[in-house]
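Chain lettering (A, B and C) follows the sequence in which the chains are written, and residue indices restart at 1 in each chain.
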Amino acid sequence: MTVAAEPIITEEVKQKSPGYWAGVMKRFMRDPVAVGCAVIILLLILSAIFAPYLGLNDPYKASMIKRLKPIGFPGFPLGTDEQGRDMLARLIYGGRLTLFVGLTPVVLAFFIGSSLGLIAGYVGGWVNTVIMRTVDIFFAFPSVLLAIAISSALGAGIVNSLVSLTIVFIPPIARVAESATASVRSLDYIDAARATGGNALTIVRVHVIGNVLGPIFVYATSLTSVCMILAAGLSFLGIGVRPPEPEWGLMLNTLRTAIYVNPWIAALPGLMIFITSLCLNLLSDGLRSAMNVKD
Amino acid sequence: MFAYFVRRLLYVLPVAIGVSIICFLLVHIAPGDPLTAIMPVDATAEEQAAMRSAYGLDKPLPVQYAIWIGKAATGDLGKSIATGRPVANEVFAAVKNSLLLAFAASIIAFPIGLFLGFVAGYFRDTIFDRIVTGFAITGVSVPNYWLGIVLVIIFSVNLSWLPSMGAGPGGSGEWAWDYAHIRHLILPAVTLAVVPIGIVARTVRALVGDIFSMDFVQALYAKGMRHSDVLKHVIRNAAPTALSVMGLQLGYLLGGSILIETVFNWPGSGFLLSNAIFQRDLPLLQGTILVLALFFVFMNLIVDVAQAAIDPRIKRS
Amino acid sequence: MSKTDATNSTSDRGGPRQPLIIAKNLKKHFPIRSGMLNRQTATVHAVDGISFDVKKGETLGIVGESGCGKSTTARLLIGLIELDDGSIIFDGDVLGSDIKLKELRRGVQMVFQDSYASLNPRMTILDSIAFGPKIHDHKDPASVARNLMERVGLDPERFAMRYPHELSGGQRQRVNIARALALSPRLVILDEAVSALDKSVEAQVLNLLSDLREELDLTYVFISHDLNVVRYISDRVLVMYLGEVVEVGPVEAVYKEQAHPYTASLFAAMPSMDPDNRTEEPPLAGDPPNPIDPPTGCRFHTRCRFSESVCSKVKPKLNVIADNPDHLAACHIKDVGSGHSLAAQEAGE
């Protein structure tokens, strides 16, 4: 061979470059706020999962004489609710349903919305028109209104909340997925892959998904906080989780009557929603910068 | 410009029809018979059939939709099952109150959001920027129905400064511009303003920061333009996007105030909606959601057209 | 020169050697949709009835200003966009009836201008090159890729597991060349493949391309706006203007004497290193006309200093130049019967 590669790389020869995700991890670990939020979320999830093993009081056990006891009441570190149930236990058990109903819809919407957006963005033409115009219609509702509309029509219940919130979050994710796919679709490496004779499915699998999933994922994580607030909001309105299940939104609602008696107990479930939602937002911001995704 | 307006209008039309179809179908995805709520338990089969045809429920869905939308177009949204009053009257009275609340919240939110966002974007990567960013992210993360409760605890329960319920003394639904009524507006409006403050501040911060890092700003300084005049250029470039974000937020405020209205018993559309949910008053639910959603679609249209009017880049395309 | 020579030159075609690819009357019009109902309101005449062939083992250079349809032609040849009209015959097989697109793509590959955009940023160099062999069920795609990397001058040990952003532009373009060669094509389309590179790197890559052509018996279609580069690498050159062929001929003939005024202006705009070799032709003024509404007759007449009334009315045919049957130009001046005042003088000379 007469032609040699120009000697651009002078540093020590590396056999294998660190992959993209290794870099993301490294950048993420350098962000103390994001890591802290990730730890808090993880603790909330773990304590919710392992709640029965934490030696807590029975979250369902009511007591007429121990109603609305203040924070620090003996045997009840965070006091009791309007039916005399242990607040600490209810808040930790409440994480189970709240986090489940608050996060699952985004996961489901991520899969459904990404698929729709990928199809619309890659295939284009009338397929794009049908998918995206339908998405536009759902997008025309403010998310709170759409969630409440569908939930109230379907009635209260966990499954109905999941369905309505998933429907709320499919359109925004599909939109982001569609535009990310369409812009990757126009790059030369897709043309090069098509010129190699790859069929559409292979090209989407090998060349498109890896390059669009990052931005879609980051966008989806930014929706988790809204979804949490909405999910708890549905329960707050009485069209989400049904009593007597502990759930932060529902607890906030049933404790509203207590604001004149023991206001800070009444505010506790909302504080949990707020902390979770704040951590989800900060975590999403950290992921966004670690993954170099631009708005 | 006019052509753009007409094009946008023609694009909005199918969306509005789609929205109305979804609102129409809400009643039909509801489990159980829509009649059960109004039907006496001991109704005979004939009475049921009579009721069914009275409400047009015996006809095929597309026909029902055509009838429903035809009536809706003339302002007839049916009768509330709970009160028997026309839905349209109830909805419009409530929307008036919701608009009042949404505007009050905008008046609080937009200047604060704009100011914070601009200052943060101008002093990017300083401590001030960090404080504003932190404040903004807190604002968008807070469940505002909880914030409402907290504000009630502080200002109504503990301090007894402001009322916590209703739109006026004695729970009156009639609004008046006097001290007694405005007092009722303060807490819900402040609560409702927190999320848009966060969103506007975040958007404007990113926008202003980006514009300041653009080459043309360097060029303006390089040719000796005064700082205050450069700022004018920056603001002119940021204005279209900032305005459209605020316009959309106004729409969200109206559609998103449901939970806040419930917290404060504010007699608006959200309060109406939660009553409709509570009583399973499907015509009222359907009518309220239709009006709110169409208002949001309409707001989007206004925002787009207004943005095109002030942003020369859009006219060309 | 005369008409009979022209017919002689065409009768030479399809002689002992079948051209590798024949493009016949290729047309591609892109619709522009606008207005209230998204109706098609205008058409971009990106490629408007061009015909040419590429002989086995040769390099055909295609030159022209940006927007003249060079890249569209490249994408038509490899089937990345669909033809509106015309046909492509690959080594005697008509695309669509004798061979399918997938088979054409095994024989024709392409290297793009943007070396970064044409590589998947999330894929290692090895995977990018091996993608083609892999989907064509090759037994050992990785070893194909490694062999090709060596062939294009990239040490597989050093580069196989790297990502595109870690390579220089020249190195990336070598990867793209290796990727294009992975399916052992016979024709490689190089769409401005060296245009974005530094001059020194460009020379290295051009040398590599020349070597590869010899070693692998390749045929190139080399698209560029750089006339020096085209001269270096090409055997024949084809000049395009607003989606049409205005001149085609052997490199020496065209570079020695440009038959079409447009070609002449292009060459005049090219700075010459040799003071004695500088032409007096004025460089081209203005931008090309809008391809949405191309000029009537000769499309160049709006910018041509020899333009006469015939030029705006009649579309010129490709005529043989200087009795060289391979050199053709579409200009009324070169056509005795056209009625252009200069055509008679040319004939008289």
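Simple rule for what comes next: contacts are C-beta pairs under 8 Å (C-beta built on N, C-alpha and C of every residue); 3 or more make two chains touch, one makes a residue touch a chain.
Just so it is clear, the structure is predicted and the values come from calculations on it, not from any experiment.
S.K.: Taking a step as a move to a touching chain, how many steps at least join chain A to chain B?
M.R.: Tracing touching chains, the least step count from chain A to chain B comes to 1.
S.K.: If you average the C-alpha positions per chain, which one ends up nearest the average over all of them?
M.R.: Chain nearest the overall C-alpha centroid, as shown: A.
S.K.: Between chain A and chain B, what's the gap in Å when you average each chain's C-alpha atoms?
M.R.: About 23 Å separates the centre of chain A from that of chain B.
S.K.: Calculate how many whole Å lie between the centre of chain A and the centre of chain C, each centre taken as the average of the chain's C-alpha atoms.
M.R.: Distance between chain centres, rounded to whole Å: 51 Å.
S.K.: Please work out the Cα centroid separation of chain B and chain C, and write it as a whole number of Å.
M.R.: The separation of the two C-alpha centroids amounts to 56 Å.
S.K.: Applying the document's contact rule, which stretches of chain A touch chain C when the two form their complex?
M.R.: Against chain C, the touching part of chain A is residues 1-6, 8-9, 13-17, 20, 187-189, 191-198, 202, 206-207, 210-211.
S.K.: Using the touch rule from the top, collect the residues of chain C that touch chain A in their complex.
M.R.: Residues 75, 78-80, 102, 105-106, 108-110, 112-114, 117-124, 128, 131-132, 135-136, 150-151, 153-155, 157-158, 161-163, 166-168, 170-171, 174, 176, 179-180, 182-183, 200-201, 204, 207-208, 211.
S.K.: Spell out the residues on chain B that touch chain A in their complex, using ranges where they run on.
M.R.: Chain B residues touching chain A: 14-16, 18-19, 21-23, 26-27, 29-31, 137-138, 140-143, 145-147, 149-150, 152-153, 157-158, 206, 251-252, 254-256, 258-259, 262-263, 273-274, 276-278, 282, 285, 289, 292-293, 296-297, 300.
S.K.: Can you list the residues on chain A that touch chain B in the complex?
M.R.: Touching chain B: residues 133-134, 136-138, 140-145, 148-150, 152-155, 225, 229, 232-233, 236-239, 252, 256, 259-260, 263-264, 266-267, 269-271, 273-274, 277-278, 280-282, 285, 295 of chain A.
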